[in-house]
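A, B, C and D are the chain letters, set down in written order, and residue numbers restart from 1 in every chain.
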Amino acid sequence: KGGADKAAKELGVELLFDGPTDSNAAKQNEIVENWITLGVDAIAVAAENKEGISTALRKAQKAGVKVLTYDADALPDARSFFVNQATPEGIGYTLMDEAARLCNNEGEFAIITATLTAANMREWQKNIEARLKDKYPKMKLVATRPCDDLKDKAQSEATALMSANPNLKCIMAICSPGVPGAAEAVKQAGKTGKVKVLGLGLPNENKRYVHSGVTDSVILWNTEDLGYLAVYAATKLAKGELKPGDKTVTAGKLGEFKIDGDNIMLGKPFIFNKDNIDKFDF
Amino acid sequence: MDKPILQLTDIRKSFLAVRALKGVSFDLTAGEVHALLGENGAGKSTLIKVITGAHQPDTGAIQVNGNIVEKLTPASAHKLGIAAIYQQPALFPDLSVAENIALSLEPPKTFRRIRWNARHDQARQLLDRVGAKIDPDAEVRSLSMPEQQLVEIAKALGTGARILIMDEPTASLTHTEVQLLLGVVRDLRTQGVGIIYISHRLEEIFQIADRVTVLRDGESVGTNPVSKINEASLIKLMVGREVASIYPPSETQPRDVVVSLKNLGCASSGVRGVSFDVRAGEIFGLAGLVGAGRTELARILFGITPADGGEISLNGKAIQIHSPREAVEHGIAYVPEDRRRHGVILEMSIAANMTMAIHPQFFPGAWLRFGKEEAFAQTYIRDLQIKAFGPEAPGGSLSGGNQQKVALARWLATKPKVLILDEPTQGVDVGAKSEIHKIIRRLAAQGLAVIMISSDLPEILGMSDRIGVMRGGTVTGILDGKTADPHSVMAAALGQTEGINA
Amino acid sequence: MKKYFREISVAIALGILLLVMAIVAPGFYQPQPLLSLLTREAPTIVIACGMALVIIARQIDISVGSQFAVCSVCAGLLAAKGWPLPIVFLSSVFFGVLMGAVNGWLVAGLKLPSIVVTLATMVTLRQGLNMARQGEFVNLPDTVQWFGLSQVGGQWLLVTASVALLVVMAFAMKLLSAGRFVYAVGTDAEASRLSGIRPQLVTFSTFAFIGALTGLAAMMNIAQSPQVQPLSGTGLELKVIAAVVVGGVAISGGRGNLWGVFAGLLLLACVSPALTHLHVEAYWEKAIQGGIILLAVVTDGLRTRKQKT
Amino acid sequence: MNTDKHGWKRILLRHETILLFVLVVEWLLFYYFGTSMNRRGITVGFGTMDRQFDILRHSCEIGLLALALTPVILTGGIDLSIGSLLGLTAIVFGKLWHDAHLSIGMAAVCAVGVGALAGGLNATLITTLRIPALIVTLGTYSLFRGLAEAITHGSVTYTDFPASFLFLGQERWLGLPAQAWLFIVVAIATWLLVHRTTFGRSFRAIGFSPEGTRYAGISVERRLTMVYVLAGIVAALAAIIYTARLGQAKADAGTGYELFAITAVVLGGTSIFGGIGSVHGTLLGVAAIAVLKNGLACLPIVIRHNSAEELSGMMTGALLLLALCSSVLPKILSTWRSRRQSHLPQQTKIA
């Protein structure tokens, strides 16, 4: 969000930013449809739910609104571009690789997700499992537990996971409240270092665990840049400076980005750890 | 006499359209038993509730020990030393006997430790005083009606009140229990407690009361020392006219047997071995003391608590009744005892109430027809002389008698073969009462088999062609309506003689 | 014995579950995770005590989850500002009482139906909090965690405190007049008015009390981790109500006791970790929880039905 | 004359009338403050036809649930499980179509059948075991959602429905969003059921006094069964249009909808104790909530603060409280007034 604001200021465009507090496809649709009637020029969406949101986005396109997606993609025909910081493969593979690195390529691990029904997490998990099968035959996924986006519940679940699976070597939380929740559980269980924690999250929520060595890595696409790029691309799209088929796009201070088909590539997900986490404040 | 410990002046109280008290004045001195007498619905219980703070009077002043009490609540009445035994036991069915007693005895201090053993002993003592053999730890839910009444009495005794009110405490007690209770009352009187005593049993009043106040239709019609009054004049005061000619005479000859019960019983409601026939055009009265099982019998016939033994036959054919709906389909109608809870739905209009039992016939295809319904209601309002401001008036806005007529209309609309009336005139004022009697007579003349349950002895005697007397869940005697007298009915009801047959 | 049928049967169900775990997955019994499990449930136990009271008084409070979040966040913010712990503690309870009192006033004073009143306050509080915080965590100073004790010490403190509260309340409901008033009002408000109890005051007090307990529970929760999530307490009301009902408190008021609630709560709380230990897939969990609730009420229903006929 | 005047006053003071007034005011305010011209000179925001249709489209599912709940609450019951049932029937529908290769029509019929069965389960537990509806449906609330998750393992999403089916949820037909027609039909049917048939009459009677209704020879059990089964069927219908609108069937469909539906019903003047209430009141309640939610999202200040969602939630809660308070206000005023009157003569007497 910070990056998006910055870009909006630089470009002098008005930015509307909204998102349901809980992940919910129906609500997101309503927001998009609301924007259409508000007559915005361009919409940039992090799709909560691929199929669900695409209907609304197609409608937007029909109404002459330029659409691009970021963070999580919708169906390709429902948008012009996808600002691709991290594809589900990117995230899934990075998470799995990172987990394997922490465990020395062998041992049991478990996943904590937000809800069993959240589509993007499903997508990531699929890729995690694919990567696991391909590259890490000695690692084993023992369980996937939902935490309802509640940190407290993540903590309980992590505690139970550790006692149910004494050989557990790593907990991977793929929703942001899950990482500090799992970390607190590991800390309280006195298994700091024995059970590694990694996951997707924000630096500020995890700093103290990273410093005390409970959490090993927090993975995040650099949201600041992502928002910045998304707003730049959206503005250019609306002004007609960016057309399907273009090979590159320049985004202010970040410079030039490559376009691969209709994916604007931001680069790999970012990994925070002890060494770099203090440089970020969000 | 000494100064009154309780003085009421010009108390008025209305419930919606019903004016229950129309300016009653009353006083009580220490160490006297002041009886309060009146017909059903005269306002006795309402007056009691004003004294205990359960109802706020609309106007009027209350003085206790010479001081005006501004706003009386049950809690402040308690502090002033007023205790009451209500007509309907105000007990907590989920709590134990000891607890029920303790709740009103202990000062309502919130954070007080409860001494269960002490409570238990205290309950034991109080129950002994009224001669009740009840386990203090039993849940009140499991007690019978008379037992609950005894608990109520024990509870009131324990408060050590200076003013004790007893609203029909003996209604469901046996003879020996009554004598024991009267002994306790005399005891209290010598201790200087003022007692307000309500009972329909005149002999009790003559046994123990010092003064008697008669209420009629919410007004006091006079206070007299008991020594200066006799039974006949009391009844005259209560009713407001000579008792003799108020019941319309029977004109019809009973025809074929419509309904016949053989050895009917239902274990869960305590009814067993009931057998009798009722003929078309006949009024069959069911007498008995409260709790004798008459209402339970009616509920069996109406399918609310289906029978588990015996046989019901209608026009010679054996039938099974499992639910009220089936009863209605068989042509059985039941005007229940508890009008406000079961008889009419207070929030709904008169018209809607009247058509409730005949939905399928009256509204083919389930479509409501408001015009037709209103016209229908109008005819009944006219026929039964219901006093209401129209068919749209909610049931709750009517007086008791008129509510009863609405309940009656609902069941007449079903064109029943058998009509069961449970306490049809309880709490109904004198005028409406005789109108209801006339309607019942007319219905019988039209060929209905009428079963009339009533605790009002004159009514039973005056209306019935035959009288069944119940006791302990079974019929102990069937008397001929023409020859029966109060004595023989009471004798059968109290179980002093068995099997008098008509 | 018959009187406590329900409590005993829940306890037996819990016993069976624990026995099965002992045989099939003995790993369930490890001191540290069990202690953690109990610690996590400590706030729930505290709120369940209040909920039992409210339901025994024939009311219901579905706003506790939102109250819990509001108390947590407010207390968290005060703590983050550096206020001393005891004052933070008191203010959390104070906020709880305040919210409970509003509910209580609406229900007892204005005679509004509690289920709708607390539905409204639940939505209002929760959305207000979301608006104010936008999902942002509150980071707490280190002194808050375990109230400055060691971890094990803190855990024991929370568990013993909550169980002690439950035991004290269970006895209070039996031994103090105040407790009996609650039962009386829940059984029959009119009859209790006639025996000199003030039903409205009792109802109001139960709501204020559950508010206070919620504030207390919020403190017990924020002591367990260095961050407060504004979303916390979501769905807590249903969890607590389910535990109370499974524990044998009649929703129609006047019946039930805290021992049963304790057993019901433990039963429901154990299901999730037990399933984890049995390696049952997570997607069965909700169906099993629902099944347990239904089973409990159905056995109760069957039993009362048998008694009636 | 006199009664006429009385009647007018009554209609004016009726809950529904007040709510209609609130709705109109609300609408006008949003129309005034939430509509603007964008740079290309096109009218945008609340005042556009599109916006109004969106409001309609978005309210259909919750509206259906609220309609289903109205008879339930009229009988003095409640159904917390309909949101979960929406999820379950959506899954059943999707699975039958996707995995069992049934036609859309057949799948829909089966989904409705499952809805009816689920309603029947609620009804059986409530009527035969006499367990309070709140508790029964609290249990089935978890159970139905849990089954939906178990069937899909929480993760399977059924998509790729044919365009002809998606039409129902996404396109317009005869000038209105297609699903609005279904909503209108169900609304009319419910209105007729509640206000024009003996069934509706008996629902109210049960709400006022179940015992009294039984004593009138009406089978309370059958009526209650009917009410809960109907609720199940309508929840299934809502599931179908939900699926059509989003183009997907997923186990989390309809999460939390029961609270919105209950709020709408109660806001519409239906008493939670039963007996009192109306279907048009419910429709107004649904409309008031939907307009509030969508209207707020069009106000510039709200947009800038990015809090439409939360604010509308908050205001719905507040509106609900207000509606409740307004229902007791006359009673409080009258008792207060009568108390004053009754005190006056008493004091003069003492003096």
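By our rule, a residue touches a chain if its C-beta (ideal position, glycine included) is under 8 Å from a C-beta of that chain, and two chains touch if they have at least 3 such contacts.
All figures in this text were calculated on a predicted structure; none of them were measured in a lab.
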Set of chains whose contacts include both subunit B and subunit A: C, D
Common touching chains of subunit D and subunit A: C
Chain of greatest Cα-centre distance to subunit C: B
Dominant chain pairing [most C-beta pairs in contact]: C-D
Where subunit C and subunit D are represented by their mean Cα positions, the distance between them in whole Å: 29
Separation of subunit B from subunit C, taking each centre as the mean of its C-alpha atoms, in whole Å: 45
Gap in Å, rounded to a whole number, between the CA centres of subunit C and subunit A: 35
Subunit C residues counted as touching two or more neighbouring chains: 130, 134, 282-283
Shared-contact residues (touching 2 or more other chains) in subunit B: none
Junction residues of subunit D - those touching two or more other chains: 149, 152-155, 306, 309-310
Pairs of chains in contact (touch as defined earlier), listed by label: A-C, A-D, B-C, B-D, C-D
Residue numbers on subunit C that touch subunit D, as the complex places them: 60, 106, 110-113, 115-117, 119-128, 130-131, 134, 238, 241-242, 245, 251-252, 281-291, 293-294, 297-298, 300-302, 304-305
Complex interface listing, subunit C residues touching subunit A: 25, 27-28, 30, 32-33, 36-37, 40, 130, 134-135, 137, 139, 151, 155, 221, 224-227, 229, 231-232, 234-235, 272-273, 276-277, 279, 282-283
Subunit A-facing residues of subunit D, complex: 38, 40, 42, 44-46, 48, 50-51, 54, 58, 149, 152-155, 157, 159-160, 166, 170, 242, 245-248, 250-252, 255, 294, 297-298, 303, 306, 308-310
Residues of subunit D that touch subunit B when the two form their complex: 196-202, 204-205, 208-209, 211-219, 275-276, 338, 342, 345-346, 349-350
Of subunit B, residues touching subunit C in the complex: 52, 54, 73-75, 77-78, 84, 86, 90-95, 99, 102-104, 106, 108-114, 116, 139, 268
